[in-house]
Every structure is written in C-alpha cells, then in structure tokens.
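Next, two complexes with chain A in common: one pairs it with chain B, the other with chain C.
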Partner chain A sequence: MIREEAIKIPFQYAAGTAGSEFLINLRDHRQLTGSRCSDCERTLAPARAYCPDCGREGLHSVNIGPGAELVSWTIVPDKGVFALVRPDGADTAMLHKLLGPIDDPQPGIRLQVVFREERSGHINDIEGFAIVQENGE
Partner chain B sequence: MRTIRIAGVGETGPVQQDRRSIPEMVLGAVDLALADAQIGHGEIDSVVTASVDLFDGLTASNIAVTEVVGAVMKPEARIAGDGLAATVHGACQIWAHAYDTVLVVAHAKTSMAANGKLTQWAMDPIHLQPLGVNFSAAAGLQANVLAQHDRHAEKRWARLSCERRAAGTSGMAKKLSQSEILASEITTSPLRNGMCAPLGDGACAVVLQAGSNAGGPVLSGVGHDLEAHGLGDRNLVHWAGLTRAFDRACRVANLPPADARFDLAEPSCFYPHEEELFLRATGIDGGTVISPDGGLMAGCVPVVAGMSRLVAAFKWLRQTGNAGKRALVHGHWGPAGQAQAVAIVDGGL
Partner chain C sequence: MRPVAIIGTGQTNHARCRDDVSQPELVREAASRALDDAGLQPADVDAVILSNMELFEGRALPELWVGEGAFANGKPCMKIATGGTSGTSSCIAGFHQAASGLFDIVLVVGFEKHSEGHTQTGMALTDPFWDRAVASGALGNFALSISQYMAERGVSEEQAARVAVKSRRNAARNPHAHLSDANATIEDVLNSRLLAYPIHLMDMCPQSDGAAAIVVASGDKARKLSAKPAWVKAAATRHEQPYIGDIEQRLLTMRTLRDASRSAYATAGITEPLKQLDLAEIYEPVTYAELAWYEILGFCAEGEAGHLIEAGVTGIDGELPVNPSGGVLSANPVGATGVIRVAEAAAQILGRAGAHQIEGAKTALATGYGVYAWADAVILGSAV
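Let's turn to the complex of A and B:
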C-alpha cells in the first residue's frame, strides 16, 4: 500500500536585516540594493548581512542597477527564462527572470530591471530583467 | 594514521520505484553490507546516515531508519547531504580513534514526490524559491555558462550521455543515440531530457573498519567542501569546491595533488557537463577509466549518488586484476554542485 499525502504547513521566513532592506527598497523605491564589503572590496548583489567570501559583517548598503548585464540564462518550459544578471555597480550576479521576447541572447547583453506596479516587499516585486534595445528602450 | 578498510558494501537499486517502505529498502542494503563484511549488527560501533528530510517527507533519521541500521542504543549521526559526505564523517570517527567499525548508510526515494518541486524548496526562501528556481534550473544556468563560448558543447554532451547510457546495466536508462538525445525535449536549456540522469529509488550501505589493506580496498583519503549557495557568488565555469576537496583528500592520502594518478574515476554526474567540470577540477586525464558502468547516467538516486560511486569503485577494485589499483570517488549535492566530497580508495593486497 502507498498512502498519498500533501504537506501544507505555512512558514514565516525572516528575511534578515539586509534582506529586509533589499525587499523594502524594492517595494518603496523601485531600487535594487547591494552590499559593499570593505575587506574584499566587492559589492554583492543582492544585499546581505555578511560577505560570503571573507565572512565580514556590517557591510554598507549601496544602490545598484537599474541597468544590468546578462551573465547566463536557461529556458525552462512552462516557467520562462531564468537568468543570472549582474546589476550595474555590483561584482556578483543575482538570479531572476529574463523577460521576453528573447531571440538568441548573448552574455554581456544590456538589461534593465522591470518593477511591478503592485509591490509588497517580495522578490517578485521585480517582474524581471528586460533586454535593452539598441535605441535604448 | 589508522588504515580504514572497506569491509563490506550493499545496495538496493537504483530502480524507478521501490514500492517497499524506506526502512525495508534501507534494511535490504544494510543486510547485504553486513553479510559482505561477515559481521552482525552487534559488531557495529557507530552509524552515520545520509538523508534529506525534505526529500523523504519525514524525518527519516528518527522515524524510518534508526532501527534498521542498528542504531538503537548506539551513536548515530545524520548528514543532510550526499552519502559520500557521510562516509567522510564515518572515516573521521575511525581516524579519531572514537570507533573501530562504522556503518554508513544513504537512502532516497525520488518516486515519492516530484523532485523538481522538492529541490525548489531547497533553495533560498527569500530570493530564489519564490521564483520557481530549482536544482535543474541551476544546472541549466551552469551548463549555459560553459556552452556560451563552446559551440560543440551540446553535441559533445549528447555523445557522452549516449555512451554512459549505453554502458548502464540497471535497466533505468533508456539507450538513446546522440541524435535522439539532441532531439529530446529541453528541460533547462541547453540541457535536454536525454542528458539528464534518470532519477530513481535506492539505498547504499558501507562498513568501514579499522584494519589493514590485506582484506580488500581501503579508504586512503577523504575531503569535502562547500561553496556559497548563491550561483551569482560563484565562478560557475569551475568547481572550485571540488578542487579544494580533492586537494584535502590527496593530502590525507599523502599524494601530491598535481601528480596524483588514478586507475579509475567515479564522478557523480547528474548531467554530462558535470563530468567535464569534474575532470577540470581534479586534473584527471585520459589514462583513467571513467565510470565503466555508466555512472549516474545509468540510474541515479540523489543523496545516495556519491556513495553509489564508492560502491562501484569498491566492486571494480575487487575484480580480478584490479587489486592494488587506485580509484577516485566523487559526490556532490546542492544547486550546481554547491557541496563537494571526494574519497580516494586503494585496492587491497
């Protein structure tokens, strides 16, 4: 016999100080936030409370984006296109969605973050990153 | 340092669906390993198990396997990662003189739930999980980085997948030609269905014992390493964590990493580009036999994966003519190889 069951338990995940600042800035200012590590002199995207490389805490928040550069992407049927994008001013990439239409994307192509009109302090306040056309649109 | 003998191994699977309960499936592997080692439960000093509660839908270490691994009233440690990492910890217990005989067990049943949905829940809950990203998407992002400047990559990966599938004997992997693989549906581009190791159910058990190499293969070196969770924080072109784990294992085995030579390599590759990452990270060259039984491409059980490679290496070293040879075993877990483990196994006298 095999018993079928679905586990449905609501959780409350704390975003942490830097994570909360990142989400609040998405919601209230349509702004991407990174963290600057004064030890390894890297700006990390998205914002975080400590540097994953050197372990330093107390990083400084900095504005990054709204422009970005495409690092990698993967097309997932029924889910869209996930992309690693490096926001302007950041040394690391963040993962989000690449907005279409997408015709043969290339690494290094210019992108622009697109925010949703309705925002709630959630990673999906970002609709995704759109390819900037040659005329700048 | 004490010599650690691999005294016995046992495995059930991989199969597409094992309709037994988790304890029954695990017990099958444990019984085989104990029989192979010619010992009973009473001679086990300590147990290390590898399982992921999220994948099991229950806290398997407490509910499902404690009794069948013989851990009641004994020390049991649980690793939420690949079984090869559990083997690393089991070996360290013996090298620390804490115990003489350690049973290491790993299990998973991917037939219980959609693996893609489970691995989505293994991603960061603030920035990644709500997007729908899972381990498969992470693999696609990594493969894409490798393929960006390599127009032959997809054909090469299809050929490698074809060869590995053809070598498999588990019955899980459908034999596919290179062109069939290239025509199979996209899962997470540039990866296609035919390039993905078929997932299934299974368990592995290994008995580690302080002793000598007179009785068979020995565990000469182990190492493991974790990278940052975020893919954007890593250089996806290189499995730097594997290089560090490999260097540590070589140091334990008193081998200079740059000059270490292996007769057999058993990498854990859920996708063909991972075999190239493995070769790049370890410096393995053409003189090494790689996955003669098809590796994970012939049938793959996450969590058990690296330990199944240890069992495969052990069996290869026990074959006639392979005594005295050396094998490199690999396991990884997490998105795009976030965590890496390595074991060096030397054939017995």
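Let's turn to the complex of A and C:
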C-alpha cells in the first residue's frame, strides 16, 4: 500500500538587520549594499551582520555595484543562465541570473545590474545581470 | 581516548524505489545485516546513532519512526543531520562515543527513501533570502562551480565522463549498487541528457532508496569479537560558511575537505596518500568533483586530475582505486551515503568486500561531503 499526500509549508522568515538593510536599499534606492570587515579587509556581498569568516560583528555598510564581474556560470535548460557575479567594490560573489543574449560567457567579463521597475524588498527586485557590450557595440 | 574499530557492516540493496518496505523496515534490513556481520545480537548494542535528511521524505523526527528498526528501544538514540556528510558525521560520533568510554558497542545506521518525498523541495528549503528565491539545489550549486574549474585547470568533459564510466563499471561488481553497467562508455555519458552545463545526467549522482549500518566497538571488544577489525586511525570534520558567493573557487579550494583530510593524514601518519592508501571511498556527488578532489586530497598535483583518471591510476586495478564500490554516482540514499563510504572502506579492511575487494587492503580513506558547508575524512587501517 502506498499513501500519497502533499504538504503545504507556510513560512515567514526575518531577514535580520543586515539583510533588511540590503533589501530596503534595493527596493527604495536601487542600490546594492555590502558589508566591510575591517579585520579581514574584505567587502562581503550581500550585507552581513557579522563576518562569516572571522566572526567580527558591527560591520560597516558600503555601496557596491552597479557594475560587476562574471565569476562562474551555468546554463539550466528551460530556466536560463545562473551565475556567480562579483559586484564592483565587493570581494565576494552573489548568486543571480545572467540576462541574455549570452554567447560563450567567460569568467571576468563585465556585467551591469538590472533592477525591476516594481520592487518589493526581494532579491528578485534585481532582474539579473546583463553583459556590458564593449565599445558601444 | 580508547582505540575503536568497525567490526561489522550492512547495506540494503539500494534502488530508485524500495516501496517493498517501509522506512523502519529499510533501516532494519541494514541494521540486521550489520549485526549479523559482526556476530552480535540486538541486546549487545549499547547505543544507536541515526543519519537522515528528514526534509527529503517530508517527515519530521524520523528517529521517532525508525529508531525501533535500528534496535534503539530502551537505549540512547539520537539523529545527526549535516547534509551529505550526515552519514560520515554519524560514524565519527559513534567513534567518539566508543573512544570516550561512554559505550562499548555503537550501531550507526543511515537511511534515505528519496522515492517517498521530493528531494528538490528539500534542497530548495535552504536560505530563503539569497538562495531559494533565485536558484537552489545540488545541481546548480555544482554546475556554478564547474565552469570555473574547467577554465582554470583545463579539465575536459571527456575526462569527467571517465569518472562516470569507472563508477558504473565498478558498480557492476557491487550487488548493493543502484546503477551499474559493466559496458558503460564515455559516449554514453556525453550523450546522456544535459542537466545544467556542463553536467550530463550520468555525471550526477542519483537519488536512491537505501540504508547502511556499521557496528563500532571499543578496542577491547573489537579484539574479542573480530579476527580482523577495521581500526579507526583518524577522523576529522570541518564546517564552512554556507553562502555560495562567499568562497573564491569553491570546487578548487574546498577548504573543508582539504583541512579535514590534512588533519586526518597527520593523525594517521600519511604523507604520501597515493602510495600509502590502498583505496579510497570518496563522496563524489558529481564527476567533476571527484577530479577536483583528487587534487584537494593530495592524490596528485594541481591540474593533474585529468591525467590521473586517463592513466587509470584510480581504477579498480590502479595504484589507488577510488570508489571500487561504484561510489555515490552509483548509489545515493543521502542519509546513508556517508555511512556507505565508511562501511565500504571497513569492508575492504575486514576482507569482506566481495567482487570489488582490493586484495590486501590495509589502509583506506573514506570522505563525506555536505554541500560545501561540511566535509569529513576517516582513515581506517588493519592495525591499531
């Protein structure tokens, strides 16, 4: 005998101090926010309440982006291109979508963040990162 | 700390769907086989440790359901969950319980029945802000790291495919394996469905139903109960920050596995892994990871992994057979997978690995991988 059932799981997670700051700046100011750790001298993206590596608290918020660099990528059939992108001014990467057209992306190419017109304080207020065409091509 | 050893192992027949048994019955199948292998009765077990990733089955507190299947009634019993490392972490906890003097005989059982739940949903229930809303799951996590690995180390899709061929062919000697094919070819792998560039279906570990168990004994008990115990020479575990963007070159650096293995090597006196290890059962969730981790585990220099697989060094007849059982690519009941790595390594030392036995195996490495956030390394040997 096999019992079949589906469970719906509602949730309401608090984004926390740093996460809320990132999402509010994204929604209200089209601005990406990182956190500067003065101990390991790295700027983390997105903003953090504490440094994940050395543990330091009370990090200093800094603006990062809107330019960015491609770190790594994958193509998922029917779902698009996902990438790790390092916003300008940040030392770590963020996971997001790469916007087309995409022809043979290579690590290191230049990107630019694309914000949505309608924003609600969600990571997908960022539509994705678009490849910057060089020399105005 | 007292010396400890593994004196028995047991595995179910792993398969895509084991709907012939319930979860407790699946657990019982592995637990009974491990006790039989050790020549023990349920009453001989002092404590039980369970390993499972409960969200994959959509069932909270699985230990309330399956503990009795593992002979835990009336005994200390707990569950450990650290992603893919759950099984190796549970084995290490069992080693600690016996080494500390708390218990003499500890039964460790890992299980998963992926067919009963929705693994992708379980994987997606990770960080709700930065991961889940964009993309999450094992596949994307690996795929995102691989393009960088390929670019920096010159690894080819064909070299990765050789890992899958080795796995499927080795699995043909293992009656417990979920997927096996004695005639698997590189073309089979390259022609299998593209899941997420550059990962094809055969590059990726499956979702399996299965359970595995080991019997851990204190040194005194091990000497009495076993003619040839598999002694625990070293065990190390490391945790890492979880956000995928935080660590430069994740697949290449894999700090958790590098540090855990270096710590275990130092404890066990291993300075030349390729020469001193007789076999390794590593947790390779995807073909490219096995190649990357040859380098991280010190089997070869950086950038040499492709050559290692091409030259057959890690084949079942090679200098250092890696995953003679067929590995994770051939069977992956996640909560059991780490236990399988340790059980396979132990069975090799015990001389009971059957058709995939490495003759004269005296020193074996087993590893665990839990997303990028955990790694475990265990070294077993034929002498204390």
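Criterion: the second predicted complex is superposed on the first by the 134 of 137 C-alpha atoms of A that agree within 3 Å, B and C clash if a C-alpha of one lies under 4 Å from a C-alpha of the other, contacts with A are read in each partner's own complex, and residues count from 1 in each chain.
Methods note: a contact is a pair of C-beta atoms (placed from the backbone, for glycine too) under 8 Å apart; a residue touches a chain by one contact, two chains touch by 3 or more.
The structure displayed is predicted, hence computed values, not measured ones.
S.K.: Based on the shared chain A superposition, would you classify chain B and chain C as clashing or fitting together?
M.R.: clash
S.K.: Which partner does A:13 contact after superposing on A: first (chain B), second (chain C), both, neither?
M.R.: In the superposition, A:13 touches chain B and chain C alike.
S.K.: Quick one: classify A:67 as touching chain B (first), chain C (second), both or neither.
M.R.: After superposition on chain A, A:67 lies in contact with neither partner.
S.K.: Would you sort A:121 into first (chain B), second (chain C), both or neither based on which partner it touches?
M.R.: A:121: touches no partner chain.
S.K.: A:93 in the overlay: touching chain B, chain C, both, or neither? Say first, second, both or neither.
M.R.: A:93 contacts both chain B and chain C.
S.K.: Would you check which partner chain A:46 touches, where first means chain B only, second means chain C only, and both and neither mean what they say?
M.R.: both
S.K.: After lining up the shared chain so the two structures overlap, which partner does A:75 touch, if you call chain B first and chain C second: first, second, both or neither?
M.R.: both
S.K.: What residues on chain A does chain C touch that chain B touches too?
M.R.: Dual-contact residues (chain A): 2, 7, 11, 13, 15, 19, 23, 44-46, 52-53, 71-77, 79, 82-84, 86, 92-97, 107, 122-124.
S.K.: Which residues of chain B touch chain A once you look at their complex with the stated criterion?
M.R.: So the residues of chain B touching chain A come out as 19, 57, 125-128, 130-133, 136-137, 140-145, 148, 185-191, 228, 230-233, 236.
S.K.: Looking at the complex, which residues from chain A come into contact with chain C?
M.R.: These residues of chain A touch chain C: 2, 7, 9, 11, 13, 15, 19, 23, 44-46, 52-53, 71-77, 79, 82-84, 86, 92-97, 106-107, 122-124.
S.K.: Mind pulling up the chain A residues that touch chain B in the complex?
M.R.: 2, 5, 7, 11, 13, 15-16, 19, 23, 44-46, 52-53, 71-77, 79, 82-84, 86, 92-97, 107, 122-124
S.K.: Can you name the residues of chain C that touch chain A in the complex?
M.R.: Contacts found on chain C: 19, 58, 125, 128-131, 133-135, 139-140, 143-148, 151, 194-197, 199, 241, 243-248.
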